[in-house]
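Next come two complexes, and both contain chain A; in the first it sits with chain B, in the second with chain C.
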Partner chain A sequence: MLAMSLALNGVVLGSILLLFSLGLTLIYGVGRVVNFAHGALFSLGAMTGVWCTQLGLPFWLTLIVAPIAVGLVGVFIDWAILARIRDRPMVDSLLLTFGLALLITGILYEFGGRTVQIMPVPGALGGVAAVGGLSLPVYRIFVSVVAIVLTVALILFLQNSRWGLRVRAANDNPEMGACLGIDRERLMHSVVGVSAGLAAAAGVAGAPIFTAYATVGDKILILAFMTVILGGLGSLRGAVVAAYVVGMIIVFGEGYFGGQAALMALFSMVMAMLINWPRGFFGEGRVE
Partner chain B sequence: MNAHALPAGADAVLRYENLNAYYGTSQILHGLSFDVPAASVVCLLGLNGMGKTTTLRATMGLVDRTEGRITLNGREVRGPTFKRSQMGVTLVPEDRKVFANLTVAENLEVARRPTGAADDFTFEDAVRIFPRLGERMNQKSGTLSGGEQQMLVVARAMLANPAYMMLDEPTEGLAPNYVEAIATSIRAARDRGIGIILVEQSLPLALAVGDWFHIIENGQIIQSLGREEALADAQRIEKALTVE
Partner chain C sequence: MREQLTADAGVIAGQPPRRGKAILVIAAVAAVGAVFPFLLAGEPFLLMLASYALTAAIVALSLDLLTGNTGLLSFGHAAWYGFGAYAAGLLSKTVTSDIVLLVLMTMLATAVIATLIGAVLVRQIGKTFAILTLAFSQIIFAIVFVFSGLTGGEDGLQGIPVPTFFGLQVFKPEVWFWIFYGVLVISLAFALHVRRSPLGKAWLAIRDNAERASFIGMNVNRLKLIAYSSSATLAAVAGALFVLFNGAASPDLLSWFESGKILMYVVLGGVGTLVGPILGAIAFTVAEHYVSSFTDAWLIYFGGLFVLMVIVAPGGIFGALSGIWTRGAASREAAQ
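Entry: the complex of A and B
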């Protein structure tokens, strides 16, 4: 019974991580930027969700409005800031996005992010559902379904649209993509926008579970970096598998051995991967 | 002739005028000047490290700094790499650079840029010139052999329907049957009006397809020859391209 309950929580955390990590992977793949500000965008999404509900927007509308708003912030961030250091050494983007994360967090502190905000679960998604003798919270099932639907939609779009083809080509080799006429700047604006929107969707959907405050995205960011490393830098299908692996390790570790043990197990696995299989689960990640 | 319209009075030519190129503080090209007429193959010959690849990369805006002018049909080739490509110049780099996680068909599709001209290169043309690619359309290009990858990058560049195509050592390390396929593709591109710069260590291929030959040493052209002159002087050129 405990194992089933933990498995559901593992799927929920894995799904949140998946939405978050796909964006991180895309931004790294196309722009070669390790985006430390991604956690702050998750927090911004969660806080935007809270602000929207405080303004009286229904939950369903909030779930759409907040990711779009944060996605536009992402486009602006890429146009105004990240584009200025394109193709500079990676340490520049690390420092810049770290500063950007502090800036966004600081702004969130000034607008209610110092205190933990509770985002209520809508009535229709409250309560528990009986599945195979287990009582499972409906909202957690909903979050998993939303995350999986968004992920499948993104992957289908990447596989079947001209935009997706260009993103995957630039992900493989940005310089060659440019030699074939791919406008990497516009592509990056859209990639950062979509990635920020996904992070915000994770933040809003996760807010009733993780609550909302200025630094709520920090723990997710660390787990997401572990996800991206396990999956292989720039590997989308690696990120999909790794997100659920990380979710399960954290939740089962916490359930049976405590939180510290879970983190130790995860970090040990990541170190082993980095040493022995730096290209990730499918061997297709990038080694810089 | 594919459709990259000429401004009134302009020559159909890719023109290099007094081109200098730098990586950091190192100057690689020293006042390079030459023309690449439409529907011709211009071969850049020389030992490694003399500036042949740098000439191609400078054309695409992939070196740190350049001076001088490159013009395409009278318009200056400048700005970011994608804009240069959209002007009608494309590069087939020396180390293949397929999009390894994309299929063969996807590699071709991402490059495909129809101009609307009747003689645009199509998927069918690519498969006719390189039948092996037709058999592998749904295969991830990273799993192709070296020769097949080389065919793919040449076909990919042709599908962009450029006015000018630059090939950097396209036959390096290839088996003879692949070399012949590459030669066929170069002739097919030239026959459709595409101007070609061919950087090649293999003199036999250069002589088989080239119209003009420039020997580069230390970032400067030290000798230029027409086709007849190059054929007559092949032994001496071969010697000049051999490290003693």
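Entry: the complex of A and C
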């Protein structure tokens, strides 16, 4: 029974992780940027949710406003900062996003991020759903559904819209995409914006579960990194599978051995996998 | 910056050894170190700050051994710094208080573990390596909490006895300054020597083009592993000395903010210049002390400076200075 209950929670964590990792994969695919600031954007989303609630916004509105606001911040970051190092070596983008992560964390510290903020679960989503001896808080079911719906929507949008076509073209071959008249600058602005929005959506939807503080995104960033490495850097379907694998490992590890031991088990598994399959589950990750 | 470095190395290697000059440099370095504590005789706190700055300099040098030589970017170097600190702290509480033995045992333990971990890590390049080092530092951080009975967990490792040197207690701040200074100078001399040796040349070849290096018969992974292990070992030495000096270790030593700081020293000073990161670390530690005394929003300035440095001056202080220097030299030549 414990195992079944843990499996359900694994699905919940996996879904949030999936939503979060998609942004990481997207920004890597188009811009070849590994975004170390993605976790800080998660925290920013969670904190924005708390601020909106303090202003008296209803939960539903918060859930929409926070991702859009952080998405705009993402567009601004790309326009103002990331655009400056577009053609520099890979090292610079790693360093830059790392600095950004520290900067955002520092700003959040000044606006109440030093203490843990509780974001209340709305009344309609309170309570616990119990089916055949298994019980799960209703809110967790809601979060999983939101995450899965957003993920499916994004994938459909990538497959069927002109924007998605451009993103996939730039993902496969940025130079060729530019030759065919894709405005890389504008595309990158939109991709970073969407990516930041997804991180914030995960942050604000997860806030009632994980709470909100300046470094709440750090742990999930590490999990997301493990996800994208397991799935292969830049591989979308790899990330989908890996997110649930990581979610299960973490939840089962926490259930049986305690939280920190779960992290160690996950890391050992990733290291072991990298020895033989450095390109992820589907062998389509980039290794350059 | 890269071309310039290789050119510099070529010039140095091509020159006949000037023994008189070398002795002069050594004497000057030794004299500065010997006199420095007496200049700060009335300011015990400043002397302590100087020792902290030197610790930071040793760690910065250790990261530059890896990043500057082979191009591998470690986002989790605090893992080895903290590992050294915890290892030495635990050993001093249980085994011996002799400082030399403690440092040697820490070095041995780190070299073995870093070689095992590094054997998997160095097979990855670029981004994956960077991500995995960050993850590894988080794992070491987690281990401190898993074994909190041993390590003290959140409270840190407390009550580390004063280390001894052949029975004499090492506690005077001047002596500590000299120890840090000596370790830094010896490591720097060693790093500069290695840079000019065949091993150093092979490392630079890997940094510039790993594929070609492997085509001409170099064992790229083994060379990277040597760089990784020696870099980790030097970082652990700094950690060990720090904990014996400080008397306590906290898990903050292992946080990713600490890793970021170490990386910042190297970026600020100039990747691959060896001397630059040392200057970066010293400048940064002193600046941190004074800035954090009048604002607690330190992280904002730190992150902002980091971003600005990467955009404006990717070569760091040293890169910018040597750029001005070569430009000046070129214009002098043109004038002649």
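Here is the rule we use: the second predicted complex is superposed on the first by the 288 of 288 C-alpha atoms of A that agree within 3 Å, B and C clash if a C-alpha of one lies under 4 Å from a C-alpha of the other, contacts with A are read in each partner's own complex, and residues count from 1 in each chain.
The rule is short, and it goes like this: a residue touches a chain if its C-beta (ideal position, glycine included) is under 8 Å from a C-beta of that chain, and two chains touch if they have at least 3 such contacts.
What you see is a predicted model, and the numbers here were worked out from it, not measured in a lab.
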With the two complexes superposed on chain A, say which partner A:176 touches: chain B (first), chain C (second), both, or neither. first
Contacts for A:284 in the overlay, against chain B (first) and chain C (second): which applies, first, second, both or neither? first
Is A:273 touching anything from chain B or chain C once the two structures are fitted on A? First, second, both or neither. neither
Identify which of chain B and chain C touches the larger number of residues of chain A. C
Quick check on the superposed pair: does A:110 touch chain B, chain C, both, or neither? Answer first, second, both or neither. second
Check whether A:166 is in contact with chain B, with chain C, with both or with neither, and answer first, second, both or neither. first
Check the residue A:98 against both partner chains and state whether it touches chain B (first), chain C (second), both, or neither. second
Contact-wise, after the overlay, does A:150 reach chain B, chain C, both or neither (first, second, both, neither)? neither
Going by the contact rule set out above, which residues of chain B touch chain A in the complex? 60, 62, 80-82, 85-86, 90-91, 93, 97, 99-102, 106-107, 109-111, 113, 156-157, 160
Using the touch rule from the top, collect the residues of chain A that touch chain C in their complex. 34, 36, 81, 84-85, 88, 90-92, 94-96, 98-107, 109-110, 218, 222, 225-226, 229, 233, 258, 260-261, 263-264, 267, 270-271, 274-275, 278, 287-288
In the complex, chain A residues that touch chain B: 165-166, 168-169, 171-173, 175-185, 284
Provide the residue numbers of chain C that touch chain A in the complex, in ascending order. 71, 73, 75, 120, 123-128, 130-132, 134-136, 138-139, 142-143, 145-146, 256-257, 260, 263, 267, 297-307, 309-311, 314
